[in-house]
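Next come two complexes built around chain A: one with chain B, the other with chain C.
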Partner chain A sequence: MHNINPSIKAGTVTLAAIVIAFLFDPLALLLYIGWTIAVTLLFGKVQIRKYLLYLLPFTLFAIGMLVSTLLFAKIPENPSVTQQFLFWDLPRETVQDALALAIRVFSYSTLSLLFVLTTDKVAFILSLIQQCRVSPKLAYGILAGYRFLPLLKDELTTIRSAHLIRGAKTNTSKFSRYKQYTIPLLASAIRKAERTAIAMESKGFTGERDRTFYRTYHTSWIDWIFAAVMLGAIVLCIIVSKSFQ
Partner chain B sequence: MKQPLLEVDQLTVTFEEESCSTLTDLSFTIQQGDDILLLGPSGSGKSTLTYCLNGLYPKELDGKMSGNISFAGSNIEEFKSGKINLEVGTVFQDPETQFCMLTVEDEIAFGLENKKISPDLMESEIDRVLSLVGLQHRRKDQIHTLSGGQKQKLALAAVLALEPRLLILDEPTANLDPAASKDLVKTIRHLKEQQDITLFIIEHNIDYWLPIINRTMLLDRDGSLFFDGDLREAVNLYDEEMQQRGIWLPEAVLLAKQAQLAKPWPLTIDLLPHGLQFQTEAPEIKQTKKYIVHVENAIFRNKDKVLLDIPALDIQQGELIAITGKNGSGKTLLSRLITGLLKPTAGDIEFLGKKLRRWKTNELYQQIGYVFQNPEHQFLTDSVYGELAFGQTVSEEEIQKSLEEIQLADQADKHPFTLSQGQKRRLSVATMLVQEPQLLVLDEPTFGQDSHTTEVLMDLIWRHHQRGCTIIMITHDMDLVDRFASRVLIVDQGRVVEDNYPASIWKKTDLSDYGLSLPAKDAYYKRLQEDSLYA
Partner chain C sequence: MKSWRMKDIVVMAALAVVFGIVYLLFLPVNVVMMGLIGPIGTDIIFGVWFLVSIVAAYIIQKPGVALVSETIAGIVEVLIGSSVGPIIILSAIVQGLGAEAAFAITRYRSYHVLVLMGAGVGAAITSFIWGYFRGGFVALDPSYVVLMLVVRIISGAVISGLIGKAISEALAKTGTLTSFPLGKTYRHRKAG
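Moving on, here comes the complex of A and B:
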C-alpha cells in the first residue's frame, strides 16, 4: 500500500469520492466502507488502535450529521410510511436520507484515512512534481513551509510569555490577544521564509522543471491495478446490495 | 599573473528606502586559495555583499546596484540562472532556516538535483560530503533532531555538494555556542586540508578563525573598504578606528591594550610576552542576606524526561549572576522557572518571600523584567517611543532620558521592527528597565552584538545593578562574566553543577567539560603557568 504511487493513489481516492457522491444506497455504501477499512488495515500496515483513534472524530461527526438530519428533515411526501429506527417510528424517507448522508460522510473519512495513513508527505509532493507536472517552485515551497509549522508553535509560546512580562493585558478577549500576537508572528515568519528562499536559491534552485531526482517515482501496472480494484469495488458493492433487496 | 577567481569593481548598492548607499564604491579581487576574513560594523552591508557575490542581487534587490562583479573572468550576470550559485556557495548564519527538506540525505540531494547530477552518482556524493563534515552517522535522520552545530555542518555539507570554488560563510557561528563554534571551525580547517577551496568568511568572532585566515578586509560604516591586508597590520594600525566602529578586536589585542603593551601586538594569547599586568577590579559583592529568589526541589519534566532538577537555589538581593553552560543544557528553562513564565512540574519557587503562584501576574511583572533572546518578540507598539511608554506611569522626561541612554533619541518615531539588530536589542532591554524592576533576567543579551552595543548595554545594566536591581544574565561570554558577575552558575544536563565566584571557577573548574573557555586574562595566566612548568 505504501508503495503505490502517491499521485495515482490520490487520483483514485478522489475519483472514488466523486462516484460515491452519486450513490444513495446505504447498504452499498456500508459495504464499500468495510472494503476501504479492510484494504487500509490489511495492506496498509496500519495499527488497528491508531486507526480507530483517527476514526473517532469522524465517527462523532457522522453521528452528529445523522442526528441533525433526523431532527431537521424536510417534510416527507409520505409521512404515513414509517420505519422503526432504534426506539422511534420515523418517516421512512427521512431515515433513509439521514442514513445515506451520515454513511457517506463516514465513507469519505475512511477514504481519506486510507490515503493519509499510507502516504509519505514528501513522497506525495515529489510524485506530484514528477507525475502531475506540478511546478517545483510551488512543491518545494510547500515542503519548506511544512518544516516551519513546529517552529511556529514554539514561537507563539515565546511571544505569549514576552507579552505577559511586558504587562500586556491578558484579560482582554481572546480575539484581540491573538491579534496582538499575529504581527510579531507574521513578521518573523516572513523573515524566516525569506531566509529559506535565499538559502534555496544559493543552492542553485531555480524553480525550473529541468532537474534530476534523487528519489524517483514511477507508475507501474500495480498502481493501475490498485486504481481499477478500488473503483471496481464500488460497482461490486452496488451489485451485491441490489441482490439483497 | 594568473586570473583572479573573483573580481569586484566599483560595486555600489543602494536600497530603495535608504538615502545613503549600503555598499559604496567597493573594489577588490579574490585569488584562488585566499582565505579572507571580512569585518565591519553592524549595518555596513556585509550580508548585502554576500548576496551580490553569489548572484542573488540584483535579481532580488529592491534598489539600485552599479559596478561589476566577475567570476573567473566572466561577468556574473552572464551566468545562466542558478549557475553562479554552483561556483559560489554560501552558508548562512541561522541554522534553522536553511533547509527545505526533512531528512539529512534529502537536503544534500536537493542541491545535487539542482545541479542536475545523475541519480546514480548521488549516493556516493552524499556519503562524500557527509564524511567531510563528520555527519555520516546521521544520514537517514530527520533534520529537526540535529543540534544547532550539526545543522550548521549539514548546511555546510549541502553547499559543499555543489563543489563550489568559492565558499562564503556569513556569520556561521552567530547562533552557536562556543563549543559548537570551535567544532565548526575545526571542520572547515579539515576541509581546507582535503580540498582546494577559497574561503570568504564574515564574522565578528575573530579569535575562532585566526588559524585559518590569511587576509583581512575591513568595511567602514558606509560600506566602503578601509583596509585590505594582513590582520596583524590592521589591529596595529587601526585599533582605535576598529573599536570606534564597534568591530571586535582579538582577545590578545584587547589584553595587550589593557596592559598598555607597546606595539606591535600579537594576535593570539600564546604570543603575548610574559609579565603583563592587568588592572583587575573585582566587582564588589554586596551581602544583603535578603533572598529575592528561593528555589526548593524544583523539577521540570517534559513527558518522562527530567529537563531541570534544582534541589536548592538561593539568590540574594543585589547579586549579579551569570548562568552559563552548553546550548540545550537548561539555562533558559531555569531562568523561566525563576520568573514564573513556566511552572515547575514539582517543587516550589519563592520570589521576595512569597510563592510564585500566590503572586498576581501584573504585580509580579512590575517587579520582574525578562529580556528574551529575540527582541522582536517583545515589541507591542508601533514606535520606539511607544515601546518605552507602554503601560508606564513614568513622566515624559524620564522616557526621553532612557531614549538618550540607549542612543535612540532620534529614532523615537520609527517602528521597532525597522531598527537594526543592535538597536532592537538596546530597546528591548530599555523597555524592561523603565519600570525599575527588582529582578532583571537577560537571555544572551550581548550575543552576536558588536562591541559598541555591548558597551552601551552593559553600561545600562550596570547602572541599574548599582541602583540595587538583582541581575541574572545568561551568557557564553566569559570575559563579560569575569568583568561583571559576582557569582556564576554553570548548568549542565538540567542541573546546576557549579555555583561559585568567578575567580574560583576560573581556577578550579575545567570549563572545557561544559563547552566553555577561560576569559582571556585567565587564559593568559594559565599559559604562563604552563610555560614555567615546561621551562
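Moving on, here comes the complex of A and C:
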C-alpha cells in the first residue's frame, strides 16, 4: 500500500467517493466499508488501535448525521409503512434514507483513512508534480508553506509571552482573544513566507518544468491494478447486495 | 498563473496553512452545531471555509488567487491529516471556483466590499451544489433544503466576505503587506 503511486491512490479514493455519492443502498455501502477497512489493515500495515482512534470522530459525525436526517427528513411517499427503529416507529423510507446517509459518511471516512494512513505527505506533493504535471513553482511553494506548520506553534508561544511581558490584557472575551492572536500570527507568517520566497529564488529555484528530481516517482501496472480492484469492488458490492434482496 | 511571483505563491501557501488549521479546528464545531440544530447548523458557520479565498484574493489581487489559495488550503488539510481525505481537495476546488467567479466578473479590477461578499456568495452556491450530491440532501425536506441554501449564502457573505475583509485590512495596517496591492493602497491612503 505504501508503495502505490500517491497520485493514483488519491485519484482512486476520490473517484470511489464520487461513485459512492450516487449510491443509496445501505448494504452495498456496508460491504464496501468492510472491504476498505480490510484493505487498509491487511495491506497498509496500520495498527488496529491507531485506526480505531482515527475513526472515532467520524463515527460521532456519522451518528450526528443519522439523528439529524431522521429529524429533518422530507415527508415520505407512504408514511403508513413504518419500521421499528430503536424505540420509535418511523416511516420506513425515512429510516432507510437516514441509515444510508450515515453509512455513506462513514464510508468516506474509511476511504480517506486508507489514503491518509498509508501515504507520505512529501511523496504526495512530489508525485503531483511528476505525474499530474502540477507546476513545480506551485508545488514547492506549498511544501515551503507546509513547513511553517511547526513554526506557527512556536510563534504562538512567542506572541503569548510578548503579550504577557508587556502587560496586555489576557482576561478579555474569547472573541477579542482570537483577534489578539490571529493578526500577529498571520502577519509573521506572511513575513516568513516573503523571506522564504526570496531565499528560494536566490538559491536558483526558477520553478521551471524541466528540473531534475532526487526522488522520482513512477506509475507501474500494480498501481493501475489497485485502482481497478478498488473501483471494481464497488460494482461487486452492488451486485452482491442486489442478490440478497 | 504566469504573472505570479514566487512571493505570491509562498504567501498564499502560508495563508493556506494558517486557514487550513482554522478549517480543521472548525470541523468539531461543525459536529456540535449539527448535533444541536441539525444539518442547517453547518450552513450557519459554512462561510468560515471560504475565508482564505477572500483574504488571499484581496491581498494579492491577481487572477486565480481565490481558486488556488482555497485549493492549497484543501491540500494542506490533507497533509496535516484531515481524515476527510483527498476528496476535500475537490470540495476546495469547487468552493474556490465559486469565489473566483465573483472576482472574474469584475475582471479583477474591483475589490469593493460588495465584490468580496459576492465571492463568499459564489463559494456558498457552488459548495451547496456539490454538497447536494455528496451529502445526499435529496433525502431532506425540499423547503428545508432551500432554507439551508439561504442560510449558507448569508454565512458566505457575512463570515467570509465581511470578516475576510476585516482580517485583510487589519493585516494591511500592520505594514506587512507593503509589497502587495492591498498594502500599497493602504500606504497611499495614509499618505493622502
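Everything below uses one rule, namely that the second predicted complex is superposed on the first by the 244 of 245 C-alpha atoms of A that agree within 3 Å, B and C clash if a C-alpha of one lies under 4 Å from a C-alpha of the other, contacts with A are read in each partner's own complex, and residues count from 1 in each chain.
Here, a residue touches a chain if its C-beta (ideal position, glycine included) is under 8 Å from a C-beta of that chain, and two chains touch if they have at least 3 such contacts.
All values derive from a computational prediction rather than experimental measurement.
On the shared subunit chain A, the superposed partners chain B and chain C are arranged side by side without overlap. Touch criterion met: A:Ala98 reaches chain C, while chain B stays clear of it.
Looking at the shared chain after the overlay, A:Phe213 reaches chain B, while chain C stays out of its contact range.
Vertex at the C-alpha centre of chain A, arms toward the centres of chain B and chain C: the angle is 70 degrees, rounded to a multiple of 10.
Once chain A of one complex is fitted onto chain A of the other, the partner contacts of A:Arg166 are limited to chain B, with no touch recorded for chain C.
Using the contact criterion defined above for the overlaid structures, shared-chain residue A:Gln131 touches neither chain B nor chain C, since it reaches no partner. The wider contact with chain A, measured as residues touched, comes from C rather than the other of chain B and chain C. Of the two partner chains, both chain B and chain C are touched by A:Lys192. When the shared chain is aligned, chain C comes close enough to touch A:Thr14, but chain B does not.
In the superposition on chain A, A:Ala144 makes contact with both chain B and chain C. By the touch criterion defined above, A:Asn5 lies against neither chain B nor chain C after alignment on the C-alpha atoms of chain A.
Shared-chain residue A:Lys203: touches chain B; no touch with chain C. Think of it this way: put the two complexes on top of each other by chain A, and the tightest Cα contact between chain B and chain C is 7 Å.
Common to the chain B and chain C contact sets on chain A are residues 144, 146, 184, 187, 192, 196, 198, 200-201, 205.
Chain A makes touch with chain B in their complex at residues 122, 140, 143-144, 146-147, 150-151, 155, 158-159, 161-168, 170, 180, 184, 187-188, 192, 195-196, 198-206, 208, 210-216.
Residues 10, 13-14, 17-18, 21-22, 24, 54-55, 57-58, 60-61, 64-65, 67-69, 71-75, 97-98, 100-101, 104, 108-109, 111-116, 121, 124-125, 135, 137-138, 141-142, 144-146, 148-149, 152, 179, 182-187, 189-194, 196-198, 200-201, 205, 207 of chain A are the ones touching chain C in the complex. On the side of chain B, the complex with chain A involves touching residues 51, 54, 56, 60, 81-83, 85-86, 89-90, 92, 94, 96-102, 105-106, 109-119, 122, 143-144, 155, 158-159, 162, 336, 339, 341, 361-362, 365-366, 368-370, 372, 374, 376-380, 390-391, 417, 431-432. Chain C contributes residues 1, 4-7, 9-18, 21, 27-28, 31, 34-35, 38-40, 68, 72, 75-76, 78-87, 89-90, 133-136, 139-142, 144, 167, 170-171, 174, 176-177, 179 to its touches with chain A in the complex.
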